[in-house]
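Two complexes follow with subunit A in common, the first pairing it with subunit B and the second with subunit C.
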Partner chain A sequence: MNKVETAIRETAARLLGEGRVALVLGYEAGSVPFRTVPAFVERAADAERLVWGPFCTNNLAVYLPKLRGAGRVAIVAKGCDARSTVGLIQEHQIPREQVVIVGVHCSGMVDVDRLLPDGSLAGVAIAAEADGRLTVESGDGRRTVAVGDLLQARCRVCEYNTPPVADEIVGDAVPPMPEAAGAFAVVADLARLSAAERQAFWRAQVERCLRCYACREACPACYCRTCFVDKAAPRWLSKASTTDDNWMFHAVRAFHLAGRCVECGECERVCPMDIPVSKLNRMLDREIRERFGYVAGLDPEAVPPLGTFRPEDQDPGGHGG
Partner chain B sequence: MRQDDLGAVILKKTDLASWVRGLLGSYRVVAPVREGDAPLRYRPLAVAEAMVLDGRRPLRAPKEHFIPQVEPLLAFRGSGKALTVQPAATGESGTVILGVRPCDARALGRLDDVFLGRKDTDTLYEGRRKATRLVGLACATPSWGCFCTSVGGSPAGTEGLDLLLTDLGDRYHVSLLSDAGRALMADTACEPSTESDAAAAQAQHAAAIDRMRVLFEAEAIGEKVEWDAPVWMRHARRCLACGACSFLCPTCHCFDIQDEVTADGGLRFRCWDTCQFGEFTRMAAGHNPRPSQVERLRQRVSHKFKYLVEEFGRMGCTGCGRCVEACPVNIDIRSVLTEIEGGER
Partner chain C sequence: MDIGDWDLVICPEFGPTGEAVSQTHPTISAKVAQTTWEPVIVAFLCNWCSYAGADLAGSSRLSYPANVRVVRVPCSGRVNPMFVIQCFKRGFDGVLIAGCHPGDCHYAKGNYYARRRMPLVQELLGYLGVEPGRIRFDWVSASESGRFAEVVSEVTEAVRKLGPYGRPSPIAVAMLPTDIAPVTEIEPVHEQG
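Showing the complex of A and B:
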């Protein structure tokens, strides 16, 4: 067991034991050694189920709006989870006093496809070593790999691997992610394209969209009680998954997330069709930062740019620009 | 067994492209193709060289070629007495699907139960099924979510296939499983399969089976599925209510029918739908008999392992493992079934 895991368990047991929270959202062992699952811990004695490691990939903030009414909730939060939580507080989806953010310093999560590209992970055993390495044992032998070499793309460019807002923080400080300064380099190629070329790029990508809505459901900021695509009367979007309709879904969702997305990248991780969904959000985030100087998910008191109106705001897309 | 009756041949990999070119002359050929940076997908083949037979099983099953995600049923024009209705065209051209995994071929038998096994047959589905030959590819390396051997299948299973290819390095061992399959090989340069070829294929099949553990006795699970059991709540609590599991599943087949009306006519189509969406059972007046993910998860598991068994005598799962690998929150159907079997409720 690692130090951070011990600290998370102790913190959870204390918060539950003292009656400060009714529930702790964290991670517990998954069905395979390279997955964890969201855990809902309600008794101090169950805090020992909680785990921490390079497979704690889910953004747990997605559950917070669903837990309104469950009493005060503690959330084990990486930088991305904490920023999403801040967004939910700003948007009144959960009252600040109803959530205890247990921040965890994060060094990035493993991309399972990079761990074993052919998917032949049946029967694999994985042990995390203290020095940021993993021992992977399978029918094909035993090897040691560095977590840093297997990180998910979104984690390599993460700018806030230290939670910017937390009520408590566990573990030792960690260095910034090596590619954090290049957070927008991943969309540099897209940004250089003309609008028509970008349109062509996205149409080619969303052609294969299944409209399973995993991106939407995994997104903590997508909490609308009825998404516009699910409205039956009137039906805003056809249920036929044509390229036009798929693109409409993704474009509207992206606009709705402008200035709200914290680039946790869950949408892209969960996409079963490997559509680079988060690049759409990153493109819009780039605009928001340039035009409004605003970074989402850092300050529970701040008002997001699209949640307010200021006469001095630029108006590049409207009549003034 | 028919496999023994019809025998096997050897197709050298250097002859693979010319064999496929031959097929392209007579059939519409569908095969795993990589388009740009997109994942492998079964697509109509333009040139033989585009086919990718090695690597992981494609993310989407070939199901979409039998029940397309969106399928027009009829078009209408005008209104009142001037209304004209044009049914969707049937009449499929002969198709061969290459590189079908044994789990996916077996899954088509489950779709047959639903679309052909009741009083009324689904003519659109029937047309495609009858017009299509299936060329299988034995799985040498099961993926991490695979569990075909736990639901009565095998990485080298032959159910529903016309041919089964086994990759022997520089050549394929081709089991001839039907007369139609034999016809597909008729015009190509094949060698007879020797005893050592057959032994090599069998050894590979055995090795793949060995890599997979039988996890539960799936046939008996239907009787243990209970309506009010904590197992549903335990897993449903973290379910995000997306449709990834259903839409990747080779046996999930539920659909919605929609009319889209324009100024002078319209289109009636059906499209994939899933019991995991809240909208799926929402009534016109707003009532929803499956109000939460607890009821929806119970429905999906019960449908596959209880209701279909009661109706057709076999379950609606062939262990392809796509739902296991795609679930954003690692709801692993293998764990759900193991818990049900163990009486863990």
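Showing the complex of A and C:
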């Protein structure tokens, strides 16, 4: 058991024991050694179930709107989860006083597809995990690798691995992620292409989309009770998964997250068809930062930029005013 | 025009080059699209300023390209970004969004919200491969009939240069007037009695 895990369990037991929260939202071991699943801990004695490690990848903030009315909730939050929680507070999905953010310093989460060189997961076990190194066991024997070499792309470029907002904080401070300065590099490659090439690129990507909506389900900011894709009147999209409709789905999904997305990257991780959906979010995030100087999920009191305006905002094409 | 020229693909499953296309949007052949193509632009005009400006352009007998299909909306702030995205999904060639000048909004601030959203939609669609020139967001007041004609001419020419967007839908093409010559001269207004 690692030090952070102990601290999370102690904090959870204390919060529940003192009656400060009715529920602690954290991670517990999954059915395979390289997965964790969300844990909903309601008794101090059950805090022992909680785990922490490089496989705590889910953004738990997605459960907060659904837990409204369940009493005060403590959430074990990485930087991204904490920022998502801030977004939910800003948008009145959960009252500030009903959530206790237990921030955890994060050094990034492992991309399980990279555990073995061939990306297979059959028969893989984690034999040991210590000092930032994993010993991965498989049919081909043992292999010890540094966690830092297996990180998910979104984690390598994470700018907020220290939760910017937290009520409690556990674990030792961690250094910033080494590639944080390149957070928007993923947007640049397409920017060099012509419009026709970009069109072709995205059509080829969204053509694969099954419209399973896993991206929507995994996203803490997609909490609408009725999503536009499910509306019957007006019916925005056909039920069939056609390239045109998929294209529109991805365009609208991205736009609905403009100024709200915290780049947790869950949408892309859960996509069964490996569609680079977070590229769109990242591009809009860059625009939002440039136009409005706003970074999502840092200030519970702030209003996201598309929910407000300034009379002195820039006019289109230099006209009017 | 002769209906034979249309060469409509009756089976909507496959487009002109044999690729599967949206079942909701049957296509016409690329050959026909090239020979008869005129840009079709959806114009979202705010009821209080730009629509009135367009109306005045008509009653002042100003000429402007007949390529716009006007959708009257209560306010430029009413223009859901999904409307714009939907237009391109449906194969229209361009979108114009026009509203009251800042400070003139009938609802006090709707156009201010639009001013934040629309350039961002343009940017997003640009990243998705829709040339930014296909989207025009501008202010036209109720008295600016000349400006309305100007904006429509500009956006039509910009879109014409860019060519057809994606696969044109037959609905969009069918909506084009084919037998009306563009108005080039303003007719004298006859004095009554």
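By our rule, the second predicted complex is superposed on the first by the 302 of 321 C-alpha atoms of A that agree within 3 Å, B and C clash if a C-alpha of one lies under 4 Å from a C-alpha of the other, contacts with A are read in each partner's own complex, and residues count from 1 in each chain.
As a working rule, contacts are C-beta pairs under 8 Å (C-beta built on N, C-alpha and C of every residue); 3 or more make two chains touch, one makes a residue touch a chain.
Here the structure is a predicted model, which means the values were calculated and not measured.
Contacts of A:R20 after superposition on the shared chain: neither subunit B nor subunit C is touched. In the superposition on chain A, A:L210 makes contact with subunit B only, not with subunit C. By the touch criterion defined above, A:R68 lies against neither subunit B nor subunit C after alignment on the C-alpha atoms of chain A. Shared-chain residue A:P272: touches subunit B; no touch with subunit C.
Once the two complexes are overlaid on the shared chain, A:T242 sits against subunit B and subunit C alike. When the two complexes are overlaid on their common chain A, residue A:G139 makes contact with subunit B while staying clear of subunit C. Once the two complexes are overlaid on the shared chain, A:D230 sits against subunit B while remaining clear of subunit C. When the two structures are aligned on the shared chain, A:V32 is found in touch with subunit B, with no touch to subunit C. In the superposition on chain A, the residues of subunit A contacting both subunit B and subunit C are 238, 240, 242. Looking at the complex, you find that subunit A touches subunit C at residues 187, 190-191, 195-203, 228, 236, 238, 240, 242-245, 247-248, 251-252, 254-255, 258, 280, 283-284, 287-288, 291-292, 305-306, 309-311, 313-317, 319-321.
Residues 20-25, 81-82, 85-86, 89, 101-103, 109, 112-113, 115-121, 123-131, 136-139, 166 of subunit C are the ones that touch subunit A when the two sit in their complex. Remark: subunit A residues 30-32, 35-38, 40, 58, 62-63, 116, 118-124, 139, 204-205, 208, 210-214, 216-218, 230, 232, 235, 238-242, 266, 269-270, 272-274 touch subunit B in the complex. Within the complex formed with subunit A, the subunit B residues making contact are 36-39, 41, 55-56, 59-60, 69-70, 141-144, 146, 211-213, 237-238, 240-244, 246-248, 256, 258, 260, 269, 271-274, 277-279, 282, 322, 324-326, 328-332, 334-335.
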